[in-house]
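There are two complexes below, and they share chain A, which is joined by chain B in the first and by chain C in the second.
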Partner chain A sequence: MADKILKKADLGKLIESVTGKGGRFVAPTTDSRQIVFKKVKSAEEIATDYILARNSFKEFLFPQTEVVAEFTLGKDTVDMRGVEVHAPQTVIFGARPCEAASLKGMHALFTWDFIDEFYTKREDNTVVVTVGCTKADDACFCTTVNLSPASTEGADVYLREAGESYTVEAITDKGKKFVEAHAAVFGSGSVKADPLVMPEKIANIDLAKVSERLKDKTHYDDKVWPKLTRKCIGCGACTFVCPTCRCFDIVDEGTAFEGERRKNWDSCQYDTFTLHASGHNPREHQHQRWRNRFMCKFNFFPEKFSGKGCVGCGRCVRVCPVRLDITEVMEEFSK
Partner chain B sequence: MNNIYLPNLVTIEDIYEEAPDVRSFRLVFKDPKLRDTFEFKTGQFGLYSAFGLGESTFCIASSPTRKGYIQCTFRKSGRVTGGLAQLSIGDTMGFRGPYGNHFPVDEWKGKNIVFVAGGIGLPPVRSVIWNVLDRREDFGHITIVYGAKTVADLVYKEELKHWEARGDVTLVQTVDPGGQTADWKGKVGFVPTVLKEAAPKAENTVAVTCGPPIMIKFVLNALLELGFEEESVYTTLENRMKCGVGKCGRCNVGDIYVCKEGPVYTAAEIKRMYNDF
Partner chain C sequence: MEKTLRLKAKELLESGEVKVVIGYGWNRSKTRTTPVFITDPADVDTLVWNPLCVNNLSLYLTRKYKEIKALGRPAIVAKGCDIRNIVVLITEGQFKREDVFIIGMTCNGTVYKQDLWKGELTPNIMPTKCHNCDVRNPHVTDFVVGEKSTFTPPEVPTGMVYDKVKDLDSKSQSERWAFWVKEFSRCVKCYACRQVCPLCYCERCITEKNMPQWIETSAHPRGNLSWNLTRAMHLVGRCTFCGECERSCPVNIPLNLINQKMIGVVKEAFDFKSGYDEKTHPPMIVFSPDDKENFIK
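Here is the complex of A and B:
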């Protein structure tokens, strides 16, 4: 039950209340004619009519590029210094329930034995406010992966559209503290939430069957892989927009005298990703790289990290320049 | 903050030219405390930094029975190894590790051991060899089968001489057909074939192998033909890695993360893996 409401007219006050305490407020906004998650300063910047931002909000927890160390090289000296993570208090506002469900797996990966504090310190300082969907498009398939616009997994606060207001439901302790910290902005009252729009479940997909078939290792060299994925051009766009993809590279940048070590987004779809120095490449062909991504989503990532490998947001479907639709491969593996 | 990507600084104490474009570094930690406390197990790996160029992954080629330093051996082949190859004695580089699992050497006490390596696959095996030789009395018969493309490509030439001269090791050296020199006294032939000819007995014996992926594949078959149990054959998978700590996503063989669950596996474990080498 929603116990609080947030008037849309008060969004500006919420932004001020957050930024006034030194925090950053991230929301879907229009940039270069696209709806993207960005830091905003005023309510006017926030998009009102959108299905999903083009980018995932993962970049505010796991930036596309970040410095992890700096070094200075002298004639006979080397100085290597770790850097402190930049982790401002952050509110992600207007995320969709599907993408918030990616966070459990992300957390599990970045804390698996070795704790990546570049991720966890940002995570600690981030409040995720989702808004249940009142619109969907043909690419949305959250219901096919057992999520829905009503899912609250990964959300700290869950909102629903209710005319000129939102209903407000604090899900986690962090969410409760957030609502308390900005109590002046949240009102109470009884408003009727607008209906959620449920994307239709894709009838020919059986997620349990997909998972079961991927467990049977005989599929590995099946001709179905090159057949289904031959048109992939290996651009990696699907991996960059995906809220659960988190593979990265570590590179040095700078001069011969000083520079930085950076952690940069990378993609399992690139042929250099797994290329050995010897020239040997365990995933030499594009269909092998595609298979790896699909296996990661529906086989080993969920099993290893008990998180969702795919949240059905449909970003990869929308962004793919050759219309390689992951749900078609899911259908094939549901047979 | 605890930064898992921050390397420790190490000084290059010595450099050994092993083969064309292959060299070894003897490394000591700059931090004297770490120099005393650093521990690793045979088979573990590290990430080595050439500052300004990046990091490369190699096994630790020295044995944990030799304290106070670590050794790595690498072939100059890319940006980072090219940069490392330009460093001189006294220069500083970076090291993160040790990471990964290890060869369960302590469980092999009382057994015979057969080492089978090809080319630059000897460095990870070398750590096990010295670990075993440094407490020779704990183990039975020791056989080393080692081959490379050419005589020049054989690494650790001085150590090969030493192992050959020792009365308690059977060393079989080979080079690929065409790779021999006029005065070559070893075998001529591919490692799996030479291994079958040498035919070490499988009973109460553990095998350790490393080399190019294609060699490992045929060596595993050869060992099984010789009667070795899949559970008694060990190898180390050297996949490309960036983080070394289970995050960056490139070393996986299907559901297995080589950096965390490997790099050391038995042939039985390899058989259960996806065909993704």
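Here is the complex of A and C:
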């Protein structure tokens, strides 16, 4: 039986087909000496030889900074105005199966006790096309968190490398519609997919045990936290590249009389994240902030939203200036 | 060298002369080095020394690390370039010379970023600072590990950073402006550059002061520019060109260009290079009656 395929040579046509209808096409591309997700206009810009983009594609659903309202202050009045959600039709191409698995949790959070239209409207208009991995590095650990390059969770369309083509599998209805809408670009044929590269499961990690141990809050003041994480320098790089980190801060910017209200990425690794107006900080030390991030990944978040707190993409490990490896902490908590 | 280092660390911890040795160790897969804090003499074999030891560990001596301070008197494994930062911290009154035991490592250079390591240190993977290093034999130490280096830096500093600074200097103001606006546009305001900098030791950074908000926290062009300019200005006459900020930047902003430019300006105006003598104060924090500027008198 002939399968649906996408010839790599036809990527340009797919981009045209998407952008021609007014959409944006986001793909991994080389910028400033590294691979990043960016809006692209032509197939030549797309990187093919990469493990994972440095940034996660979350910024196309949940931008680093966005205006959520505008205000004008009068003598006795405050005029607050909503703004249109900028939610163009978007195709995220070349995402990896690990990062796509973050979407379920993202959705759960942004629709939790309040529907955040700034997220949901973009999500509705976004098609995520993942490509199974044919390369991995020593920071990859998807298999350790029960995902793999073959996972289709969160993907609308799942591709696999097959020489000069991709095999195409539409996963969701949105994905099927996408393939139909651009039917002229997709072909059919019989191609053999290249083998996927499975990162080795880290032997001493047992995810169930990690969750179990974190449930018992007696670990809270355990000396193991400062011991393992004392080198953390408290930058927010790990949280900013993480596909599942989604904390934000609301700030007002402008002059004395008018301005805009913005939703900006925030990071639990900053000491100001929990600093109270009184001056008290419940997470005074860096290891407590680190513990919070780890708890969020493997305890609070999965329990509350049954989504994945960590997808094993390894971005935090790669980007960390002091190489604080989350899997080494997972190992400790698997004992 | 590792053997000597470990022996010294053991001796220091056993005698109680220091309570913690701040050094480098391997990650699990032994592909990258990572900072380690050795408090038990039995753990000294964790310490390693190789060209992957890029981190400037003097960061952990600053006041931000109260928990490390609480461990007791530290010994630090430091390259000459790291020692320059320790010297600046001493001149700025952050601690006294005797508060830290400096294990100086003679150094033949490190890699620019650890990911570049393919098993051999070649000139093309070394940062500009290493090619022009005049402290391969560490200059302020309590103990030195390693054979004396015979390397002499070139008379006129060379390398990518200097070339690029020269290139930028030759451009018009508007071109330079366009260059930096583009570079800063990638900034995600993660503040890794600040957090990794041993000289950014303020407990409350100006970016965190929000009554009023001096620097907008948004990662838009105005916010990014004000942050990056402020960071640069606060390091004038202090920065030692250790390069940690650029190494840590997740979006590859060429911060070394700014740092080196500032260093050049300070050198020209005050004939001063930071981090060589713990008894000389940096030009921005001293008043001298023979200052050549009249307005200050």
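Operating definition for what follows: the second predicted complex is superposed on the first by the 328 of 335 C-alpha atoms of A that agree within 3 Å, B and C clash if a C-alpha of one lies under 4 Å from a C-alpha of the other, contacts with A are read in each partner's own complex, and residues count from 1 in each chain.
Everything that follows uses one rule, which is that a residue touches a chain if its C-beta (ideal position, glycine included) is under 8 Å from a C-beta of that chain, and two chains touch if they have at least 3 such contacts.
Owing to the predicted nature of the structure, the values given are computational and were not obtained by experimental measurement.
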Inset, instruction - Have a look at where A:Val251 lands relative to chain B and chain C in the superposition and call it first, second, both or neither. - result: both
Inset, instruction - Applying the touch criterion given at the start, work out whether A:Gly154 contacts chain B, chain C, both or neither, answering first, second, both or neither. - result: neither
Legend entry - More chain A residues in contact [chain B versus chain C]: B
Inset, instruction - Considering only touches as defined above, state whether A:Gly132 meets chain B (first), chain C (second), both or neither. - result: neither
Legend entry - First, second, both or neither for A:Gly309, with chain B first and chain C second: neither
Legend entry - Partner chain(s) touched by A:Gly105 [first = chain B, second = chain C, both, neither]: neither
Inset, instruction - Residue by residue on chain A, keep only those touching chain B in one complex and chain C in the other, then list them. - result: 249, 251
Inset, instruction - Using the touch rule from the top, collect the residues of chain C that touch chain A in their complex. - result: 27-29, 31-37, 55, 59-60, 64, 66-68, 114-115, 183, 186, 188-192, 194-196, 208, 213, 216-220, 223, 244, 247-248, 250-253
Inset, instruction - Provide the residue numbers of chain B that touch chain A in the complex, in ascending order. - result: 1-7, 9, 49, 51-56, 75, 77-78, 81, 92, 94, 212-213, 238-240, 242-243, 245-255, 257, 260, 274-277
Legend entry - Contact set on chain A toward chain B in their complex: 68-69, 71, 73, 77-78, 80, 82-85, 109-110, 112-118, 121, 217, 220-221, 246-252, 254-256, 259, 261, 263, 266, 268, 273-278, 280, 282-283, 288, 292, 295-296, 299-300, 303-304
Legend entry - Residue numbers on chain A that touch chain C, as the complex places them: 31-34, 36, 54-55, 64-65, 138, 226, 230-231, 233-237, 239-241, 249, 251, 253, 262, 264-265, 267, 270, 272, 285-287, 318-319, 321-325, 327-328, 331
